[in-house]
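Take a look at the structure set out below.
A, B, C, D and E are the chain letters, set down in written order, and residue numbers restart from 1 in every chain.
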Amino acid sequence: MPMLLGGVYLFLIVMAFVFARTLAIMRFYVPGLGAETRPHSVPNFHAYFAAWTAGFFMLLMLALYRLFFAAVGSVTIPLILMALITALTCLMSFKLTQREFKARDYVEGFVQFALFLCSGVVILITFGIILSLLFESLRFFEKIPLTDFLTGLEWSPQIPIREDQIGEAGSFGVVPVLLGTGLITVFAMLIAVPIGLFIAIYLSEYAGRRRRRVIKPVIEILAGIPSVVYGFFALLTIGPMVQTGMAALGFDITAQSVVAVSIVMGVMIIPYISSLSDDVMSGVPQILRDGSYALGATPSETVKKIILPAAFPGLMAASLLGVSRALGETMIVALAASKAANLTFNPFEAVTTVTVQIVTLLTGDQELDSAKTLAAYALGLILFILTLLLNIIAISIVRGYNAKFHR
Amino acid sequence: MTEPKDSHKARAILRSRKRGEWMFRLMGLGSVILASTILGWLLLSLISSGHNVFYQHSLDLKITLDRQSLFSQEVPSQQDIRAADYRAVIKTALEARFPRVQETDTKKELYALVSLPGASNAVRQYLSENMQTLSESRSIILPIPVSGPVDQYLKHDEGGVRVRQTMSAQQRIWINALIEKGDLKAHFNMRFFFAPDSPNAELAGIGSAFLGSLMAILIAYLVAAPIGLGAAIYLEEFAPKNRFTDIVEININNLAAVPPILFGLLGLFLFLELGGLPRAAPLVAGLVLALMALPTLIITTRAALRQVSQHRVDSALSLGASHMQALFHHKIPEAGPGILTGTILSMAQMLGEAAPLLLIGMVAYVSAPPSSLTDAASALPIQIFLWAENADHAWVERTAAAILVLLVMMTLLNLIAFIIRSRLERK
Amino acid sequence: MIDQPAPLATSPFNTSSPARLPKFRCRNVQAYYGKTRVLHGIDVDIPDQSVTALIGPSGCGKSTFLRVFNRMNDTIPNARVTGHVEMDGIDIYSDQIDPTVLRARVGMVFQKPNPFPKSIYDNVAYGPRIHGLADYAGELDDIVEHSLRRAALWDEVKDRLGEPGTSLSNGQQQRLVIARAIAIRPEVILMDEPASSLDPIATARLEQLIDELKQNYCILIVTHSMAQAARVSEHTGFFYQGALVEYGETNQIFTNPVDQRTQDYITGRTG
Amino acid sequence: MIDQPAPLATSPFNTSSPARLPKFRCRNVQAYYGKTRVLHGIDVDIPDQSVTALIGPSGCGKSTFLRVFNRMNDTIPNARVTGHVEMDGIDIYSDQIDPTVLRARVGMVFQKPNPFPKSIYDNVAYGPRIHGLADYAGELDDIVEHSLRRAALWDEVKDRLGEPGTSLSNGQQQRLVIARAIAIRPEVILMDEPASSLDPIATARLEQLIDELKQNYCILIVTHSMAQAARVSEHTGFFYQGALVEYGETNQIFTNPVDQRTQDYITGRTG
Amino acid sequence: QKDVAIAPSEPRANHIAERSATPQITLRIVGSSTLYPLTKAVAQEFTFKTGHKIILEATGSGGGHKLFCAGPGRLTPDIVNSSRPQKPSERSQCQANGVTESVEVKIGYDGVVLAHGVNPEQKMGLTGLDFKQLYLALAKDIPTDVSKNGGAICAFQPNPYRTWSDIDPSLPRSRIEVYGPPPTSGTRDTFTEIVMQEGARRIPCLAALEVANPIAFRQRAQSLRQDNHWINSGENDTSVVQMIRQSNGAIGVFGYSMLIENSDKIEALRINGIIPNFQNISSGVYPISRPLFLYLKTDKPRTHRAIKAFAREFLSPAASGPDGYLTEMGLIPLGQADLAQYLLAIDRIGSDARAS
């Protein structure tokens, strides 16, 4: 049935199009008038106008019909109605297809409206994210008070899920989770920022065009590798390597240590930092560079004294975006970090992160209204707010920076 | 020439400046080399542990099929043939191959040479295609998959002491005998590419996950590309410059940096809880990926539109074309290659995205490939994630191989983008 | 658009003979980019069927003023034009005027030749197509041929109309662009430094073409070469920092300028 | 760098009086960007303590030639210079020469004023600092003051040395950049269209400054304004498509050019 | 030689192209993580043999029952794996949500084992534990003065023990570190109900408490400590195996099948002096064992055939027979009487519907 209706629908639209176009051509050109009375819109626009009008009203009719007469379930009536609408459209088009009729303006107005709707989707996504997080988080905070959540020092979201079960009174203190996330992020940035920055400096100031052409793709490949692959690398190679390395030094640490996870996460973020910084530093006007070189400065002096200070806000923003990325990174930590919360500052212990907890809470037990599941949304909300702040700060820094140099 | 007051001092200054310069340069070069080394190391370790998966060993075993012991019916139907279990047949065949084995424990070691589920299914497949074999009641020689440990043992024959430990002395004798007879053969591992996931490493494949990923990416492309294009055009060309569009702008940039996992939460809430769509469906995965790709897509599309020089648009306008006409006749076609490559690249990125898919139920074990967009499926990165948690060497190899396939697919997409760009831009 | 010309105060620079009505009348035309004013109230009458040159130092507002006549400034996001501009006695900035229709009557040629990345034929046919000027393919062919002939390009390209317009030489491209403008039968052609990217031979060729075209069109040309202005134009306007400092017969402007700034510019002391 | 000047073939354009040695000698200087050659073998001697102007149409290679003298072309990725360039008799393209040392002796001023985004003081002190020219803090202050005075900027900025250099007006910025160049006590100052972004008053000021500076420095200036070249320079070189077509006393070049191309350019027929 | 044919082609993808006219049916299964690997193996066989499809997620028995009982709709699971019988509260939940037709099938037994890594440094010299030691090591609060057998009424204190030797000097001086399943898991229920409760009974004052107030006793006995000596791990048993291999002296709580699958990596502890193996568990000598169940949702006639085939595969000789693949994975099969009874129950699915 839908196939039949769809086919007829398309056919009728084409009919309306052909009708209006033929009509317009006959009216405008057959008498062979001169250019003085050229039509406002060429025949195609009249045709689009008719076809889209027919299409719109037929869709409207079908929707209404489904809504109110869903039970009738006959195809004949909709078919007849569709034919009727097309006929009416042709009649309308017979009246409207005149030289003065601004079909183009209407058609373009319609297109513009459609484009507008598309950009509305982006807003909807943001609202969707915020609403879904808020909605479920509020339900969570009905069960667990917000203050307990934010200040609690213990995270073990295991609560009995049946009334008669003697389990644990799960605790939902987010501090150790946030601390773990922060710890991993800090160490990741300690690796990513200097290396990324030096790569960017090398790329934008030292590597000639030819070497740049080799290095850039390498960095891009590094950036293109999915994070689950880095996770596998961390789990399989780096974790045990750090463990045995430390064991050789006489320290007994777990393979899930913050250090091991951070190394891999740092590597993942290096290309991100380096390409953003590269952009930022290339954005420093060449005339500043030239000015410095012309005074007899070496490249490193130029970088340190002119380019880095000038690019500082941009580099700051790049690092903030890197931080935001590290906070939200999931697959590496899901594979290589601990699932148990641990309140510690020691980088050789295992900690858990916000994202790991979200995954753990939502991939095991899927009960929808238990505090355990809702906690995932509360964690999501925290993550969203954190990254939102970082992103907004970073974006506004970048904008200010761009405004400074590219007036 | 104005000589410095103290030329000795001047030379010292110059020397220390040179040294600083050299150090700085070295740090930069060092960082680049470090990053490249890590990349090389990563790829090499993936290839070195993953390449083994692309071939697999099978054992040519003579199997006797006896209708009476297998089926109660005179003429078993296709369905009966499928439903029967052929493990006993395999075991008998193995015992016939090595008739001196008597004790139960030794027999178990013997059975452990082959993958029983795989072997019995091989018989099943053969029978359902050659039903006459039953009525003729004759023997056949069938290549059947060897068990995971044996496969591992054969692949790591030379070096691995650890691997050798998994085989008993008796088993090694059997294997050597089979090799001498030429019954153990390596062949290209088709199964890995087409089979669904399996609890047995030697039978597990990425077929199901691959198909799921493909479906999801297709959906994501079909949804995100037109909306992204439309939104980009609107924002770049028509949106009035005011507070609101400013917010939209910041919003898009921000969305592009929202952690992927939050899109998973959005998808879980929006599509599964509110929308009532099934868990683990490629459709849902595609929609989530589309939402996630949209902001980046809009940004790249806008950049592509901005790259187009205004000259031709201006001339079209000066000829009396409307804004919309100038746009659709000139600007968009000229930005076309940029837009197309942008969308393809973002799809390549989505192909590797796992975090949001974790939350919409794709972690489930799915025993057969998806047959429709709403049928349960896995996705390649999720399959990698799930396999990665197994510490067994056989699974590690599978994981690495799956990653290689994923990387090859992403590279292919990048290549396509590159070709499109250079093709269209040459014109 | 077929109204009686409104009575206006006469321009300080009224050059049209009483018999011939001016093509354009500008009264107190001001242009802004955002908040900065770049045209400070221009009053001038532009005669029909002749070439008017606009000269002046870089950034003085010549291009902006030229774009006033086909409302191309409308397409620049924060540009704004105030004042009164009449074409054949009708206010082209009134609400009744559709800019796309106006631009079909006022063609424009830009500094850099910018043919569309289409065939030569399609380049010329583009305008007629979007305006629905031809009802059958044959008529379109005629328009294309006619336009290319008028732009003195027909003989050079008649055998390769299908080749891309970008494959032509710079000078040919600039003539192609003129043909493209002619194809929609405009009454006015605006040219913004049309020869600045051409070699001397192509420039000479272009100047010759302009000389031919002026019999049928009102031509306004911006140029930074005073020599060129002297060669092709009947009237010249000298712009300085957003003001039309001097306007008059080309001969007079170059030999006997009234304003000191004009003199300084012409003798190369400023700019 | 204190060698005997190597005996070289005399330049076709030898302007230095026998008594005064030329500051620069160029022999067969060629410059390439990638594979395209943009300077086709320049031979010229540049006199010391005078102003030499380089003129010519856009893209003819003036800036490239100017950058030959402080090896700034080295900083452009695929640029390459061949031939022989001597400064005070020493080949500046030899391996012994460290470009950073050379550039401390040959200052440069660019088309757009480009003060660093630092304070006025730090802008001027930048060069002395990196070259370690000041031994004690007071000496640096002295250098800054002296340089700003020479650049005729001291009185205008002495009370706000801590403000960012970018807060100055365009003309002041350009003088600040000159002060910055002077601060490292160069012998030569190269200027690439230094007045092109300045208003007439600032331009006049700059020209006056150049006039003062030429007593101590060898100054090379690229300009697109022939009037300016006439006003400030003693010698003028005319470039055309990568060749030095004519070189000589400024007066002679402008009143009585030898080459037809020079004449065409000066009378505004080309360019 | 005449009767020997050589199959020409290499094995292709290991599922047969769909030829039967019946459409493919997808069964959604949730529940116990102990049963997860077993069900995975069955699911593969099931798909080989019928062409139908299984989606399997490990949600824990508790979570599984909740989902199973959420409603009869298309999107709720068809089968729940459970490592314990359905609780009355769960049954009433099912009833309340309209899941009225379901069938219980017992499929065998599983022993809960405590295991540590195989390497000597991972074992730290520990060979076995008894219930009382485990209770004292893992309870949240324990009675004061356990050693003195006095007091009929317990006074409780938070669990003070840090190392095993704190409890019993004969035990090694290693940190108490036990990784175990979360409350959603059936293994956890079994562990607390058998080990912890039995251990508690061996302390006189708690035994007295049970007589006086059974609810309070259960509360005391089943509460596990929450100070990082008992560590909840996710539903994923594989990760627990990883965990105890990485941490010396750590002990994990698993289903017996995990032990079989990872026999090269982990080694079981004797409980009350008895080593968990097939004989000891099937004979009931080993003290911690429990039945495993499937609950089948039978309200959709369309899926009856598939569900029946699936359940039968579980109980078939190929799977649960003496050398069935499930048995080899560690499942302890049903006795003959039970087997016959549940096979009958499976056979009856759908026949009622046809009758009514």
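We adopt the following convention: a residue touches a chain if its C-beta (ideal position, glycine included) is under 8 Å from a C-beta of that chain, and two chains touch if they have at least 3 such contacts.
Computed from a prediction, not measured in an experiment: that's the story for all the values here.
Undergrad: Indicate the lowest number of steps between chain A and chain B, counting one step per move to a touching chain.
TA: The fewest touching-chain steps linking chain A to chain B number 1.
Undergrad: Following contacts chain by chain, what is the lowest number of steps it takes to reach chain E starting at chain A?
TA: Graph distance in the chain contact network comes out at 1.
Undergrad: From the centre of chain A, which other chain's Cα mean sits the farthest off?
TA: D
Undergrad: Please state whether A-D or A-C has more C-beta contact pairs across its interface.
TA: A-D is joined by more C-beta pairs in contact.
Undergrad: Centre of all protein Cα atoms: which chain's centre is nearest to it?
TA: A
Undergrad: Centroid from C-alpha atoms only, then distance chain C to chain E, rounded to Å. What do you get?
TA: A distance of 87 Å separates the two centres.
Undergrad: Report, in whole Å, the distance between the mean C-alpha point of chain C and the mean C-alpha point of chain D.
TA: Each chain reduced to its C-alpha mean, chain C and chain D end up 40 Å apart.
Undergrad: Which integer distance in Å separates the CA centroid of chain B from that of chain E?
TA: Those two chain centres are 32 Å apart.
Undergrad: Would you mind listing the residues of chain B that make contact with two or more other chains?
TA: Touching at least two other chains: 17, 322-323, 363, 389.
Undergrad: Can you pull out the residues of chain E that are in contact with at least two other chains?
TA: 57, 236, 239
Undergrad: Counting only residues that touch at least two other chains, what does the list for chain C look like?
TA: 101, 130-131
Undergrad: Can you name the residues of chain B that touch chain D in the complex?
TA: Chain B residues touching chain D: 1-2, 4-5, 9-10, 13-14, 17.
Undergrad: In their shared complex, at which residues does chain A touch chain C?
TA: 25, 28-30, 32, 35, 38-43
Undergrad: Hey, which residues of chain C end up touching chain B in the complex?
TA: Chain C residues touching chain B: 70, 72, 75, 77, 100-104, 107-108, 110, 112, 114, 116-117, 126-127, 130-131, 177, 180-181, 184.
Undergrad: With touch defined as at the start, can you tell me which chain A residues reach chain E in the complex?
TA: Within the complex, chain A contacts chain E at residues 154, 156, 158-168, 171, 243, 252, 254-256, 339-340, 360, 364-367.
Undergrad: Within their complex, state which residues of chain B touch chain A.
TA: Interface residues on chain B, with respect to chain A: 17-18, 20-21, 23-25, 27-32, 34-36, 38-39, 42, 45-46, 226-231, 233-235, 238-239, 248, 250-255, 257-263, 265-266, 268-270, 273, 291, 294-295, 298, 322-324, 348-349, 351-355, 358-359, 363, 381, 384-385, 388-389, 396, 399-400, 403, 406-407, 410, 414.
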